[in-house]
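Below are two complexes that have chain A in common, paired first with chain B and then with chain C.
Take a look at the complex of A and B:
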């Protein structure tokens, strides 16, 4: 059976210096650098992966973390299918910041966006300031999943991206089903334009037109 | 795909011709700094900035302001000598004109190497040391690159002949000669003398011969004179003179202003500004950076610290002592880029839209393409404008942009921005690919600018050709401000509605 191909947008949000850029670079390039530049301009990177017989193209958006840039958030998370809300396990303030993002994303994107709460820098476990239980409970309470990662030691990073990809596919498929049901009952208001699903057989012809999200 | 091929820009694609004589300098409106007891952040404004826009003034700077008081500014010696002394390990006789700045030349970039050659006949040892030091940042950069060539933008990989993986690495690693202008030493010497002459009596020059200053800034300030010239052009030197203790006061924070939050932010960023540069590899260098940024946060609590100020302060510190860098940062943040670093970044967003509005006239097809792909200017110009291209262009080119920026103001950011956008879209094939492949391709194109267009000579020449009159700029700004506030209102209503529903 030929698989489907999906295109998803993931956005990384969180306080400055929690490791958003590092997570992304670890995942995409499998590299880690203590001394990369601070992120001032949000940037994206694309990566194609295969999940089972399906191919998934991820557009991963890395953003500037400092609170001053918060107002630019909507420009970046607009149309996201998934969001990583990253905090530093040694920095309680960065965890508090997550709550703001969760509220904002829920208001702006509703349930369309899969939320993942990511406690990064798990290599610094001995300096942990955010109790894991609290973090997990909070994640549960807002319908998000909690992950622990270390971009430095490459722990949990692949799993994180893989998991969100699977969940985005599930979400997409279920909303597709819902849509077709709605459609049958003559109620197709729920159309979303951010995702294009193209059958592999068709994709070769339409290859050039399927870039944008 | 993450890899994007950088193709050399064909010379035929560059349509603008070069003719320096056609540069017309705008009329200069004098502004006066009121050097009295009022805090410096409130003092300087262009008279025009008062019109119509109390909320977000347009910072069109035509010249820095100068007080009446006569002074021997050019002879002033920086009070912050400790740094200089520690960096200077021999006491060779250096011609008077350069003593102050040459000490910092070792941290200077491209042109300094050439300038220093002037003295090579008399002091070979010094030149050698300087050259060695001058090279070191490059070497360390290379080393870091091989190990872990990472920063945000390594994502935009380039498949060129070399093993360099992204444009930024390429720009900052490549032998700077590739980007720098080859100016004969004699010419540089001559220019130095001219600048010495000018700085002796800068007030008068600003008042009566601003055009000349402008054209000399466009030609590039000799590296040996650069820091001094910047201090004069911005007026920072007058502020400093007027409040000799202010830097230390801010540093020691006598009023116990609460800047704790900013200090945390600053600390997080200290190792993330030019981490491979000689100064910032050392703890002392990072301490200097911390001091300058902290003092500024104390000085202007409303702005505090914005991450984009990091690269600016760092670049300043490569050229001048802490205190001077502090005053320059004040001038940049409170005057040249007023409102840029405030929470919300409204001014940046508005300027982004007016840049885009101005782009319409320059390249309509590309403008339409970007509209159809709904690319927000914030996605490509934030770093350009907020860091005055410090993170975008090769170092020699950055310095030339700064030379012009301090003289002519924010217009320079627009001109360079338009130029970069034009050169990004100058390749027809790439343009077509953007049409076919969508927003991500277009953004990649704007991120990975054609390398040939980034040489200092090319960039300065071509961007100076782009004419933006003040009324055009003002119109574009007003337009985008209106759009912006309209958009904001709509968003606000939407969110309010959504909240109600929820």
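Take a look at the complex of A and C:
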């Protein structure tokens, strides 16, 4: 299993001005710039890293945050192996926005996409408006992992990207194994069935949600 | 390593030899037009500010040299046009009287406007589109909207928050827009707010900040406001910037179909690589090529766009 190379796509989603671009630029260029533009055109950067003896090429997609651009999301997140759902710990609305993305990603990408919920701007801890416990519990409830970062102080950023990369490798390997098992047992439609089951459960969740709204 | 650097310099600028030629050209330009910056003033200070207010850091020599080349190019290209200065004035004056530009002035603008007439020309284009709306709203309408801004209705507040977040992320490298005390920042906020009040259905959409930011480099706030109205209501359809960006999305589909029709090779290439071209082209439309092209090139596109 050593010396493999992987290619993964990660998408950054979240409300405007939570720090999506800053997280990406901090990770890829190790820079923090107060002077970057608000993103309307999704930008895309590649970064190669080594994990053990494996090489991983990450294609990182940054997106526009304003709600109006939500409809364009699928263009950017389709085929993603991982997603960062970023909120600003001082802004409760930005956390609420995460829930929308989670539901949408689960519906369109099923369980193929690793979800990470990222509370950015941890340098502004004294102005925190999103209780960390609530965020962590929510992440757990949707099968995502929660991370705290500060793109400004470079805290938790490398760890975030490293962790998602490891998890994407695991996911990839386990689905490969699954596929080869299916192949051996001659049941090639098995994987498709599994995905359909996942879709059903997501639809059910959605029904429940729309019921209570 | 220095070896690599010199190769880079050689391939990009031909080394010192070409730099020296640039200096000569620049001096020649300065003899004709003393408002031209000298080589020293551009390169010796920590930070150089160009005529639009954009800052260039000394460490970014590529950007500085690109800027100098562009200014020299504009200078030489506009030399023959300078002789036509009287003609420009006559043609623009005629346009003012007749509302519509003559085919002659259109072709003059298509081949490149003299920079000093750009503000006047943009204004003519804008009021050609929205003069009737402005008239129907009565005098001092913009001032009226600005006065309302002190007490914003609730449905505007959510837009106002996003506007605030984007003020410093619009032209951060321009001296007119870089601090909260900058005049440009206040004007940008004023215009975007006024637009939300004028058209609460569209409200504020990211991208408008860039459009207004650029407009404010050439127009006063009231004209910049009407410029935004013209772009959102006349140049684009009303649903272009609505809550689902429906118009913008359908334009992307049109673009894709046009590419398939006119540039089939490109279409199949993108298809083979599984690339959705709207990931690249969206802001060509939403912010009229802002940050997609060198600034001067973008201005030429704006000239032609506003003219149509």
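Assume the second predicted complex is superposed on the first by the 186 of 213 C-alpha atoms of A that agree within 3 Å, B and C clash if a C-alpha of one lies under 4 Å from a C-alpha of the other, contacts with A are read in each partner's own complex, and residues count from 1 in each chain.
Throughout what follows, a residue touches a chain if its C-beta (ideal position, glycine included) is under 8 Å from a C-beta of that chain, and two chains touch if they have at least 3 such contacts.
Please read all numbers here as calculations on a predicted model, not as lab measurements.
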Which superposed partner A:68 touches (first chain B, second chain C, both, neither): both
Partner chain in contact with A:16 - chain B first, chain C second, else both or neither: both
Partner chain in contact with A:107 - chain B first, chain C second, else both or neither: first
Chain B versus chain C as contact partner of A:50, first or second or both or neither: neither
Broader residue contact with chain A after superposition on the shared chain, chain B or chain C: B
Which of chain B and chain C A:31 touches, first, second, both or neither: first
Footprint overlap on chain A, comparing chain B with chain C: 16-17, 34-38, 40-42, 44, 64, 66-69, 71-72, 75
Complex contacts: residues of chain B adjacent to chain A: 1-2, 144, 147-156, 264-265, 268-269, 271-276, 306-308, 310-311, 341-346, 349, 373, 376, 378-380, 382-383, 386-387, 391, 436-441, 443, 447, 491, 495, 498-499, 502
Parts of chain C lying in touch with chain A, wherever the complex brings them together: 162, 165-166, 169-170, 172-173, 178, 205-207, 209-210, 241-245, 249, 274, 276, 278-280, 282-283, 286-287, 291-292
Complex contact set, residues of chain A against chain B: 16-17, 21, 24-25, 28-29, 31-47, 59, 62, 64, 66-72, 74-75, 93, 106-108, 208-209, 211-213
Of chain A, residues touching chain C in the complex: 16-17, 34-38, 40-42, 44, 64-69, 71-72, 75-76, 79
